[in-house]
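The data blocks that follow each hold one structure.
What follows is a pair of complexes built around chain A, which joins chain B in one and chain C in the other.
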Partner chain A sequence: MADPESYQASYDLLAIAERLERVWDGVTAAELHLVAYVACLLAIYRKRPASDWGYAFIRSPWGAPFSPDLEASCNALRVGGFLDARTDVLTTTPSGRDFLAFLSGGSQHGWRTQFLDGACSSALAVPAGAMRNAVQEEPSLRRSSVHRQPRPLLTAGDTVALYEQFGVLAEVVGTDVSDLMVPSVVWLTYLSEAKRLEEQRLALAETGSLESRHRVD
Partner chain B sequence: MSEPRPAQLGFPRLRRVDLQSFSLYAQQPDVSLPIARGVTCLAGANGIGKSTFLSAVTFALTGRVPVPHRGYSSADEYYQESASFSSDFFSGRIHENDRRSSSISIEFELRDQIFRITRGLFEGNGLRSLAIRPIANASDAGLADDSTLSDSDRQRVYATQLTQAMGLKSFDQFVFLQHFVFTFDESRRLLFWNEKALEAALFIAFGANPEHQVAADNSRREMERAESLGRNVKWQALQVSKRIDSLTESTRAKANFPELEAQYHQLEAARDSTAHAAEQADAKAADEDLALANASAELLALRSEYSKAFAQHIGKRSSAAHHPLVVEAVTEARCSLCGVTAPSVRDSVARRIASHVCPLCETPLSTTESADIATLKALDEQLAAAQKRLESAGAARSRLAATRDQFRRDAQAAAAAIRAFEEQHAEIMRRLQSNNAVRPEGLQQELERLTIELKALTQTSKDHYQARDQHKAVLRRLQDELEQHYRAAEVDFVPIFRSLAERFIGIDLDIAVERRTTGVALVLEFRSTRRRELYELSESQRFFLDIALRMALAQFISDRAAPAPLYIDTPEGSLDIAYEARAGEMFAQFVTGGHDILMTANINSSQLLRKLAGRCGAERMKLVRMTEWAELSEVQVEEGPLFQEAYAIIEKDLASGGS
Partner chain C sequence: MIDTNVMRRLADGMFVPIVHRELGDAGAAALRDVLSFLPRLYSVLSPEQITGTLYVLRFLTPQQASPVLSGCSPVEVPLDRLPRGVAQTTVIEVLDKEVARVWENAAIDVALASTIAVVYRYRGDEGFVVRDRYCAIPNPAVEHLSVFARPTFSSLLEALQDYRARLVRTSTCHLFRMAWETEQRVFFASGPEHHMRRSLCQFLYSRLRDVNVLPEQRVDETHPVDLKVTWSFTLSEALIEIKWLGKSRNGTSIVEYWDARAREGAKQLVDYLDWYRTTNPNADTKGYLVVVDGRRRSLSATTTSVSQADGMYDEHREIEYNPRYEELRSDFAPPLRLFAEPKWTADAGAGS
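This part shows the complex of A and B:
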């Protein structure tokens, strides 16, 4: 059951929408969920447990990653006039921006800023489709893709594989990088490239088997 | 010169089995099954209670259910110790409501008598009814059953009458034979490789009389008991000897006793002070745990309040002045509702906003928004402070935990130092603790007392070992005699075994008696090589050669008028079709010799059942469709026609088979 009072989800929505609308005309709901998920992954990269993030994500048959809390908060913010959704893209209203400024000055959300900044910068640096495809290759989403029923993401079992990848990533980009955009983009590019190579390998294998079948025929 | 072959024994031959309220068989809880001569094969699907049926019959006969994987020590011990397993065996198989009404009745003939007994399924030590009559009498009139007898009295009468009619020494022996020799159940307990059980069976089969088996059991038990006592006393003697050594050491140390005492007191002081420090650190850490828990709870409560205030704020309509429609009207002088663009639109909307009324419906606007924000701000500050307190409590807790752990280690080290000292100076410690003062003059007296005790213990140990050797000698004599008797009977027994076993295995094999340190055993020989170990034969070879041995023993010891039946649970195992057919041949040969088999089998068209059916025919084999007794699983119901097909094949073999 989604928690419409999840203030972390509300803050993240306002923060992501406000950052992305500076460059784009607005942000779709699916993009919001995706960027928030990347921000959560970056928090895990910085050794914060997924349970600290404040709201959870699932893989559902209708799309992934998806957070019921984000969805509920999005509705509440729209009804309250903090987000405008007269078209299929969301933008912050002046009330939303005022409220975001107020929250950003408080003590409860500051720690998330670096992760939200990292995720939003990545979203602006990597094409949206490529980012979505790359995130589908992250271990938790990839493992859950075999199931037909909704599955929670970033559970304790998933994060072991994630930490392995993040260990390698930290070795590549160094551990003293303050801007999380760097490891984020490197990682998303790696996932995207790994997927491309896998598809290439499968295509070659398929071609090989077709050729050998022809030879037999 | 060996004695003549012992008198042959009679065995119960079942005529009927009746189950009452046997709820495992949901479709037919009241089963009535006549048992014909020859083979009665209960064929059914997996998991419907085939093994339980055989266990129930064995329970009816003996009051005990075979205990899986239980070793054999002696017949009377087995009978006593299997009671608790048997008393609970049917729990879970019989519904709770049927516990009292459920029972099994069996009727069997034994030489010239017919026994009819009924036993409650949870009453291994009693009989609900008992009737014994001569076969010649057509009716039960004037039977031995006496309603004035208690259930346990009936059991006693039954045991006495049965034992006497069989020619055994005790009812325990019958239970042993029934469980270990004539029942091959699902636990696959093998006689060939169970030395004690095999020897007991050989004593009954080849000994001068059944009493020798009891005598051998007793001698073995007494021998093992004396051995165990001897070992215990020897251990006690060793402890006394160590104490003497320690005392001797103490006597030498008495000169520097004051120094040792001071050293001990120092160690005690160190132990006490470190223990005290560890206790204090524990208490402080516990206080800090509480502070941490309190800070956590405070943070949780504040977060909850913050969350409520947050929801309250975003749940309200935001400031009308910031509403997108109003913003559009004021900045672009355009009304989104009617589409008019004119300066009057801006002026009208701005005026109403300034008057704190809704530009659309003119309702006065709430001015509480700033109050919500103020609440959120206040809560935010409280949260920040609470977070700091939590962090501080966490840091303090970690520091105190480290200190506490160090004190604990110190306390453990101090306690270990005391223990080491006490072990090194055991005698002085004993005196310190008992009298709080050492009287070195008493050490010599104690030393003398212990020396006497050691001497006595050494003697007692010797006595026990001597007694062990005496019992061993008696057992040896009995075993020598058994070996002689076996060798004398080999000429009759070996061909019986070989004929059955070769029928199955199809190659030359032999069986020989072997004396081992543990006793008399039988060993198999294939192509002049002895196969003593389990791993030297395949699993299915082991099973069927073991069944062949049981059959041979049954044939050898039975009175022809009351031949021993075999009770075999799902024997087909993992044989290939060729060996299945051979096993069927072996079973048929046993039955042709006048013996009965009560067996269960998974229903399939295995060659074992088909060959057996073909050889016995309907005259000497009866197939019972057990699938009609119990509820089948969904898979079994779906594939029901396969069962019918398999039954039909075997029934066809029965119809066309036999003489």
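This part shows the complex of A and C:
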């Protein structure tokens, strides 16, 4: 068996799928990348550098977080019979769950569990669609959205803005809160709410301009 | 710019921080179990079938049910045998190992239960009761009665058909309702397309897995298509053009569009598809023409209400397209007409 240290992406994929597949009747590849990205953000919230996470993310051409390492691991897990792909959703197989148990038993992955738990719980607590919407508003993805080409996320420049948001978040929810579901849900809802308020403002401005155009006509 | 006030308001008012604050880590763990349970419950129990009150509980420590519940004896059921309807008061206790305990017609001491369990309540609206304080769950997509019901669609066509039946038909979507001049739904308001676009955009975003829905995307040098839907991990894309039929009124100024408008929309969409293909040769693009039909018979400039006969006159009157692009090209889906009913009045005579 290979060194489990090299299985961080596989561990995350199996752990996320195993937590969400029964609730959602399987997990799509995009959902896996999204939840893994939120887990990585929660590690940053706990002051771990992004480079500790073990694999990197880019902003994909379709505007969502995407990790080439996760994609490669996902393909390997499917080929190896650890993940089952039916139509467009993935589920863990008995071998996949055994492999997850094996990886969970080692010391190399235990530290990730709280972040994966926090991200998966957020996916359950935040309404469908809102989490995708919210993540698109986080500073790194937002910053990269002006570029047409895929761009690495969570670079040093991005994390400054992120730490600023997380500083306020920690102050608001309390630094002693151990369960990461709490800051995660508050932060994601905040991003979604901030976007909604901005859209509402733009819609009102547009309606106002339509009405004044009508008056001129 | 971070709006600390908004963040603080959320932290003070949302059910997740409240449960954690009031019930501690054990509460958060129990909440997680309830959150995992609710989508599974709503996959067999439609919220529309809840006419009474539903409680879902997860005790912080096991075996505490008896002090808070009385009435008939509970039944332990596997998750595929959960109730299909709630007429009076039903309590479901979330247990381990894929089973739940169900009390029909139960009497529950909510004040006490909410100190030793995470208590979810559905009674028209939904929320959590924490130490006898009700905390409502905001629902951004009000057309679906519960945020935990995830009726997601695998195909865009299925989603559009659901949108037609449940949101547009009787204007249940609050964004779509803004497209009307009044609640009678006789005339559209001025510039209704803006509200229609927002309504459909939000619906598709929340109901299709793995999509991005972008409003007003430019496809040629001058024209934006109303919505562009892109799917993650594939080259599939959909261009959606929305047209409306009927009359829009702004004071004394009336704009009206009839069947020809839909045919123009079809031609316009074909032009967009052709142009788009030249600039995006690798994309697997399909065009969808969505026609919101608010046609009414015998409207005058002063009409404020319509009879059923006039309001529903065009309900089944399909639009004749010539050519029928869906028969000529595979990238053009059959146009979808979304008839939007008025709120008719019994005493409104024709043309009143």
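The definition used in the following text is that the second predicted complex is superposed on the first by the 199 of 217 C-alpha atoms of A that agree within 3 Å, B and C clash if a C-alpha of one lies under 4 Å from a C-alpha of the other, contacts with A are read in each partner's own complex, and residues count from 1 in each chain.
Here is the rule we go by: a contact is a pair of C-beta atoms (placed from the backbone, for glycine too) under 8 Å apart; a residue touches a chain by one contact, two chains touch by 3 or more.
Treat the numbers as computed from the prediction; the structure is a model and nothing was measured.
A.B. asks: Based on the shared chain A superposition, would you classify chain B and chain C as clashing or fitting together?
C.D. replies: Superposition check on chain A shows chain B and chain C fit without a clash.
A.B. asks: Going by the touch definition up top, name the partner, chain B or chain C, that contacts more of chain A.
C.D. replies: C
A.B. asks: Between chain B (first) and chain C (second), which, if any, makes contact with A:Asp179: first, second, both or neither?
C.D. replies: second
A.B. asks: Please indicate which partner A:Lys47 is in contact with in the superposed arrangement: first for chain B, second for chain C, both, or neither.
C.D. replies: After superposing on A, A:Lys47 lies clear of both chain B and chain C.
A.B. asks: Considering only touches as defined above, state whether A:Val23 meets chain B (first), chain C (second), both or neither.
C.D. replies: second
A.B. asks: Check whether A:Ala203 is in contact with chain B, with chain C, with both or with neither, and answer first, second, both or neither.
C.D. replies: The second partner, chain C, only.
A.B. asks: Could you tell me how near the closest CA atoms of chain B and chain C get once both structures are overlaid on the shared chain, in Å?
C.D. replies: Between chain B and chain C, the shortest C-alpha distance works out to 18 Å.
A.B. asks: Taking the two structures together, which residues of chain A meet both chain B and chain C?
C.D. replies: Touching chain B and chain C on chain A: no residues.
A.B. asks: What residues of chain B sit close enough to touch chain A in their complex?
C.D. replies: Those residues of chain B that touch chain A are 306-308, 310-311, 313-319, 322-324, 327, 373, 376-377, 380-381, 383-384, 387.
A.B. asks: Along chain C, where are the residues that touch chain A in the complex?
C.D. replies: It is residues 2-4, 6-8, 10-11, 14-17, 20, 25, 28, 31-32, 35-36, 39-40, 43, 139-141, 147, 150, 152, 154, 190-191, 194, 198, 205-207, 209-210, 212, 230-233, 250, 253 of chain C that touch chain A.
A.B. asks: Which stretch or stretches of chain A touch chain B in the complex?
C.D. replies: Answer in residue numbers: 4-7, 10, 76-77, 79-82, 84, 86, 93-96, 98-99, 102, 106-108.
A.B. asks: For chain A, which residues count as touching chain C in their complex?
C.D. replies: Per the touch definition, chain A meets chain C at residues 22-25, 28-31, 60, 62-64, 87-88, 121, 124-125, 127-130, 132-133, 164-165, 168-169, 172-173, 177-179, 181-182, 185-187, 189-190, 192-194, 196-197, 203, 206-207, 210-211, 214, 217.
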